[in-house]
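Note that the chains take the letters A, B, C, D, E and F in the order they are written out, and that residue 1 is the start of every chain.
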C-alpha cells in the first residue's frame, strides 16, 4: 500500500516561469526514460517477483521513482504558473499570449490542452505509452533492462542540466540524475547476485552459433575489435558461409495438405503476373513531362 | 547501402500450417523485442556513431537482424499459407473458416486484415512502434540498452521454443535465440572497451546522493542484500531524513512577477472551493439504493 | 513524497491460477479506466492545483489509486503464477502449454512477452497510453472528468465481478468497485463546493446559442424529452435555420494577399479537373467481370 | 443515414493566413476534446442505445458535432491557404518558406506532411486515436462522460479564443464553445431523467467501504472539506486501519497444484539472489570518477 | 453541414447474436480500412480542395462512408445485443458468461470495456488512429491513395463475407463491398481528369534516375518482367554501379565550424573504444554454461 | 539474407549543421511516407508473395528503400553533428544551447531524447508506427497501395526540396524523389501485368450497386463530372431512394432468444429515461451567469 506526504523528496526552487522550458522538462515526466516509465518498470516487476530480496529492492526503487515523478512534475508546474493563470483568466492581450506560446518546445499544446498542468507527454507532446515499459518477468533480463533504463535516464537529466541556467532547477535535476546512478548500482548488484545470469534465461544456446560473428556490413570502414575478433570469436567474412548458416538450401517450406494446396494453386493462378507482357498502365495514361513514356508514345502505341 | 540474396540465413522447414501459432510467432517479427526493433535500434545508432569500431559493429549487427526479420517472417508466412489461400479464394465453408480463425492468438486479425502475410504487430495484434527503440546517442547507455535488448529477445525466443513441438521451427528459433547471445557478448565487449563507462555520460553525480539507498517500501518483507547494504551504501530507513533530502522545506516555489501574481490570485479566487459548505451534488440528486444519502434525505434537506 | 508498505490495502485470495482470467483483469490494471489512469489523472491535477483543499483531495485519492493498482496487479500475478513458472522452466509438454495459452483473452501475449507479470495493457493487450488521462487544468471540468472516470471504473469492475466465480477475487473487486463510488462522491462534493461551476471555465456563452437544440437527426424515432423540449430550449426542427446559424452565407473565406493569391491560382490551374472529359482510367484498363465497363467496351472506345 | 449540405453551420471569415495559428486550432479538430472525438463518442453510444429518447439525443448531437468538425476544419483550411499554395508550387524562396514554417506550433508538419489540409492531429501533431473515446455502453456512466467531455471542449475553445485576435475566428469559436454548453445541459437532463443513476450501473457497493475516506496523503497541507469530512464520511487518518482494510493479512495468495508448485520452486531456486554475496558487477568493472568504488578498489578486491 | 435520418442506407437483418463475430466485423468499423478511415480521408481532403468538382466528389463520398459506418456499426450492435444485456444485468452464471466471451476475437474486451457497443477498434481491439488517414493535400497523390484505400476496403469486406454464413449480414456486407468498387471507379475518373497527373506533384524527376531499376535482391529467384526489363528500363545488375549512384565517394559529410569541431573531437575522444583491448565484461563475470567463456577461464584470467 | 556496404547509394554533402532542418528531414526517415514505411510495406508483401516475379520485384525495392533510409538518416546525422557534440559535452553556455534548440521543428526533442541521432519519428516527433504499413496480402490492392505510397513519398520529397537551399541536400533529395517515381512505374507495370485486376480481389460486386452514385452532399457547389455523370453512372439525387437502398425498412434487427430478450428488457427498463420529467440536474445546481436557469430559479422550483 502506498502513502504520501505532501513534502517533496527534494525542494524545488524555480527562478521564474518559462513555459517553453517546462515543455522540455516533460521529457523526464512523461517521456520514455522519465520517472513514470521507471516507476512502472520496477513496480510491475516487483509484483510478480518470487525472490524476496529482489521484490523488496524493486518496490523500494519503484516507490522512490514516484517521488521523483512528483519532483519533476512540480518543476513543470512552477514553470507554467504564469501561463496557466493567463490562459485561464484571459487577462492578457491575445497577441502577447500567442507569442509567449510559440517560442518553441510543445508549450502551445501544454497550455491549450493541458492548461499548464504537468502532462504525461514527452517534450514533443507525445503521450506516454506503456510500450516504454520493457518488463519481461525474467530477472536476468529485467535487471539488465533496469540497468540500461537508469543509464538512459541519467543521460537525459545530464542534457537537461546542460540546457538551463536556473540554479534551483539545476540542483533538483542533479539530485535526480545522481539517484539514477545509485539505482543503477543497486540493479547491478542484484544482477550479479544471481549465480548463473548469462546467458539470460534457462535454455543454453546452440554452441556453433554462439561464438559466430557475421561481418554483414563490409566495404571501407570494416574494423576489428574485441567484439568480433580474437579466440572467442568465429568471424565470418565470406557471407556465402551463412547463406544459409545451416546445411539446408536457405528456402522456406511448409507441408500443405491437398485442400490447402488446391486453394493455393488457384490463388497463384488467379493473381499470376505475366512477365512477358508490357501492359499500358495508369501511369502511362497519365504521364506528363518527366515520365518515361510521353503521351504521344502512349497514344501511338 | 543494403543488398539482398533471396536465400535465408537459416533454412525454414515448417511441418504444417497453423495460423494461431503464426500469430504467436509475430512477437519476434513486430513485437517490442522482435527483429525489427533490434535492427532499427542498431541502425539508428550506427548512422550517428563517431567511433569507427562501434559504427562497424552496429551496422554489422543491424544488417544481420534484418536477415533474422526475414527468417521469422518466413516462418509466419509458411504457417499462414493455408489460411491465406482459403480466405482469398473463399473455397471453404464459412463456418469452417470462421472456426479455424477463432482458435486463439490474433489469428483472426492476421487473416482478415493482413491476409496471412507477416504483419508488423506483436502477438496481440498491436502495431510495432518506434517507441520500442531506445537509442539515445550516447554509447555508454546505448550499449547497455543493446545488452538488455538482446537479453530480452533471447528470453522471448526461449518461450516460443517452449510452446511449439514443430522441430523445424524449433531449429530456426534456436538459431535465432543463439545469435542474440552472441550479439549480447559483442555489445558487452564494446561497452567495456570504453575506458570510463560508468556512470554513463560525462557529468559526475553529486557525491552525497550517489551512495544513498532509500528504503521507501517498508513493513514485512524488508530485506537486505548487496544492493542496499554494506560499506558502499548509506541506507536511509527513517524516511523523515529524505523529506526532503536537501536542507530546504520540501515545497515547490517559483518567483512570479506582479502581472503573473495578479492573474494567479484571480484564478485562485474564482475557482476557490468552500471547505465549510456541504453542497447538494449531482450524486445526491440521483442517489439510488446503495449511495450514502437516500433520496428522502436529500428531499428533506 | 511517496512511501510504501508491502501489505496490500485489501487481501488477495485467489482460488487457482487462470491466465485467461488474468488477461481479462488487466482491463483495470492497464486499461483506459484502470487504476493507473485514475492515479495519474488525479496526480497530475494535484501537482498544479492552487486550491489547498482540492490539492489535498487529489493527492489523497491519487495515492489510494496506486494502492488499488497494486491490488489488481497482485490478482493478475496470482492468476499467472502457474503459467509464469511453466513458460520459464520449459517443464511442460509444448502442446499442453500451447493449449493453455490459446484459451482466449490476451493470455498468449501476457505469457510470451510479459512472462506472466502484470502488464500495463488492457484486456486486448493494448499498451496503456496517457491519451486516457484527460486532466485539463481547470477544476470545473477536471472534477467532472473525475466523476465520469469513477463511474466508468465502477462499471468495468461490475462487469468483471459478473464474469468470475472465484470468491476471493470477487471480494477484492467489490472492495475496489465500492471505493470508486466513494471517490465519485468526494469529487461531486468538491465540484459543487465551487460556487460558479457552470458553465465550466470563465467565458460566458453567446446567449442565442446556449439554449438552442438542433434536431440534426430526423425521421422515424424522433423523440422529445427534457433534453430538447420545454421552456428552456429553442428547438430547431427546420434545419435550414441553421444553415448557417449566423446571418452569413455559410461559406468559409480568407483574405489573401497578392502573392498568396497568385500561388493559389497557379496551383488550382495546374491541378484542375476537367469535368467534361471522360478519361480512360487505370480501372478501365484492368476491368474484369463485375466492373461497370467490360474490356471490349474499353477496347472499342 | 447521413446527408450533407455544402454550407457550414456557421460562417467562417478569416482575416489572413497564419499556419502557426492553424496548427493551434487543430486541437479542436483532431485533439482529444475536439469535434471528431465528440461526434464519435455520441455516435457509438447512439448505435447501441436501447432507450429511444437517448438514442435520438445521441444521434442529434453526434450529427451536429460532425458539422462543427467541418467548421473548425474550414478555419484551419483558410489559415493554411497561403502555405499550401507556396509549398506546392515551390514559388517562394526556400529560406523564406522555411522561416514561415518554423515559427511555432506544429506548422512545419502540417505543411510538409499534410500539405496544409486540416489533419486529424492535435496541436502538437499527435494523430487522433480512438483511445480518446470513452463510451462504455452504460448510460449512467456514458452520460457523465459526455457531460465531462463537453466541459473539456468548452474550456479548450475558451483558451483558443484567448489566443487569437482575429474577430472572424473568435466569432466562430464562440459559437462552437456555446454549443458545447448547450450540449452539456442536454446530457445533464438525460442523466437525471434516469431514476436511479447513482451509483452508476446496477451492483450496489459494499456498505462499509462506500463512505470511507482514506487520508492517504498526509503532512502539512492536510485539509478538511465536504469531500472528506462530516457525517457522511468515515475518515481514516490512521492508515494502519486500512493496511489492509479487510480482516486478512494484506498479502496475496493463490492455491497452486503440485505441478505448478514444482515448477515455481524450480524457477525460484534457479533465479535466487544471494543476499550475503557482494559480487563484482559490470559497473564495478567500469567505474570512472564519481562511482562508489574506484578501479583500484576493484582490482585489489 | 451534416444531417441525419435514423433509417440506415441498407437494412440490417442479423440472424442471431454472436459477440465473437461482432468483434471480427469491427475491422470495418474501427480498423485501418474501415469506414471511419474512409470518411475522414475524404472529408479532410474535401475541406482543403480548391477544385470545385473534386471538392463535391470528396464530400459526397465522405458523407456516404459515414452512412456505411452506421450500417456496419449497427451489425455489431445487433450481434452484441445478448452479451450487452447479460454483462449489464449480471443475470447469467458467471462461468457461462465467461465462456461466451473467451471464444475468440476480441469479444472479451468488447464486452468488458465497451459494454457491447460498437467500438472504434479493429478486430484485435487496437484503437483507431488517424495514422491510417493518408491525406496529403495534393490531388495527384490523394486520389491514388483513395483508389488504393477503396481496393483495400473491398478486399476486407470480401474476407468477412467468406467468414460468415448469416445471410442478412452477407447481404449488407455485399452492398458495402460493392459501394467501394463504385467509389474506386469515381476516384479513378477524377484522377485521370487531371491532365498531368504523373509524376505526381510538380517537380520533374532527375532523368538519369527515373528509368533506373536497381536489382538489389539477387540470387536464385531473380526474375524479369515489364517492371524491370525492356527499353523503358536501365537495369542495374552490378550493384557496384550504384555504390554510389552519383560520382561521389558515397560517404556523408558536413562542414563544421571550429567550435563544433572542437566539441566533436572531445566527444569522440571521451567515448573512444579501444580496439586492441580485450576487456572483462559483465557477461564474462556472469557467464553460466553455454556462454563462450567459462567461469574458471574468467577467474584464471 | 541482407548484406551491407558502408558506402551510401548517394553521396551526402551537407553545407552546415542545422538541427531544426534535421527535424524536418525526419519526415522521410520515420514519417508515414518515409523510407522505413516503404521498406517494410514491400518487405512484408514480398515474404508472403506466391508469384515469383512480384516477389523478386518487392524484395528488390524493399532492399533499395533500406538504402534510402540510410541516405536520409545520414543527412539527419550530418545536420545534427554540432548539437550532438555540444549537448553531450556541455561545453556551450546553457542559454545559447537552449536557444539553438527552440528555433522550431522538433529539434529540442531530437537533441534531448535522441541525442542528435536520426530518430524514427516524423517531423513532429511522433514515433513511427506499423499502422502506416497497409500491406493486405492481395496483389490487386497491395500494388495499388504501393503506387499510392510512392506518389505520397514523391510529394513529401518535393516539399522538402522546396524548403532548403542547401545544394548538397537538394541533390540527395532529388535523387530519392526520382527513385520514387521509378518505383511507382514498376508497381504500375506489375499491377497491369495481372490480367483481371479490377475489381480487386475475387468476388464480383452486386450489379445494381456498382454503378450507383449517391449525391450525398448537396446544396450550392453540387457539380457533375466523369466521376458521377454519364452513361456509366446511375446517379441518385433524391436521397429518399437510398433510405434504404434495398427494399427493407432501413432498421437494424436481430433475432433474440427468450433469455437474451428477458435480460434486454430488464436492462431497458432499469435504465429507462422519463421523457415527461424535467429533473433538476447537476448543472442546474451549479449554474452561474450564462446558464439557462439561474440559481434562484432552481431554488424556487
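Everything below uses one rule, namely that a contact is a pair of C-beta atoms (placed from the backbone, for glycine too) under 8 Å apart; a residue touches a chain by one contact, two chains touch by 3 or more.
Note that this is a predicted model, so its numbers are computed, not measured.
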**Prompt:** Among all the other chains, which ones are in touch with both chain A and chain E?
**Reply:** B, C, D, F
**Message:** Give me the step distance from chain B to chain D, shortest route via touching chains only.
**Reply:** 1
**Message:** Over half of the residue-numbered contact pairs in common: that is the test. Which of A-E, B-D or A-F passes it against A-D?
**Reply:** A-F
**Item:** Computed distance of Cα centres, chain F from chain B, in Å
**Value:** 23
**Complete:** Distance between the CA centroids of chain D and chain F (whole Å) is 21
**Centroid spacing, where centroids are CA-atom means, of chain E and chain F in whole angstrom** = 8
**Fill in**
Within chain A, the set of residues that touch 2 or more other chains is 1-9, 32-33, 53, 56, 59-60, 62-64, 67, 74, 77, 84, 86, 88-90, 92, 103-104, 113, 115, 121, 124-127, 129, 131, 136, 138, 140, 147, 155-156, 158, 161, 181, 184-185, 188-196, 198-199, 201-203, 205, 210-211, 216-217, 219, 221-226, 232, 242-244, 250, 264, 267, 270, 273-275, 277-283, 285, 290-292
**Prompt:** Mapping chain-to-chain touches, which pattern fits: line, ring, star, complete or other?
**Reply:** complete
**Request:** Spell out the part of chain E that touches chain A in their complex, as residue ranges.
**Result:** 188, 191-192, 194-199, 204-205, 207, 210-211, 219, 223-226, 230, 232, 243, 273-275, 277-279, 282-283, 285-293
**Message:** Using the touch definition from the top, list the residues of chain D that touch chain C in their complex.
**Reply:** 5, 7-17, 32-33, 52-53, 55-57, 59-64, 67, 74-75, 77-79, 81-82, 84-86, 88-89, 91-92, 129, 131-132, 134, 136, 138, 140-141, 144-145, 147-149, 151-152, 154-156, 158, 161, 171, 174-175, 177-179, 181-182, 184-187, 189-190, 193, 198-203, 205-206, 209-217, 221-228, 232, 242-246, 248-257, 259-260, 262-264, 266-267, 270
**Request:** Can you check the complex and tell me which residues of chain A touch chain D?
**Result:** 1-7, 50-51, 53-54, 86-88, 90, 92-95, 97-98, 101-104, 106, 108-109, 111-113, 115, 121, 124-127, 138-140, 147, 181, 184-185, 188-196, 202
**Complete:** Listed in rising order, the residues of chain D that touch chain E in the complex are 1-9, 30, 36, 40, 43-45, 47-48, 56, 59-60, 62-64, 66-67, 69-70, 73-74, 76-77, 80, 84, 88-90, 113-121, 127-131, 133, 135-138, 201-203, 279-282, 285
**Message:** Per the contact definition, I'd like the list of chain E residues that touch chain B in the complex.
**Reply:** 20-21, 23-24, 27, 31-33, 103-105, 122-126, 155-156, 158-165, 216-222, 239, 242-244, 250, 264, 267-268, 270-275, 277-284, 290-292
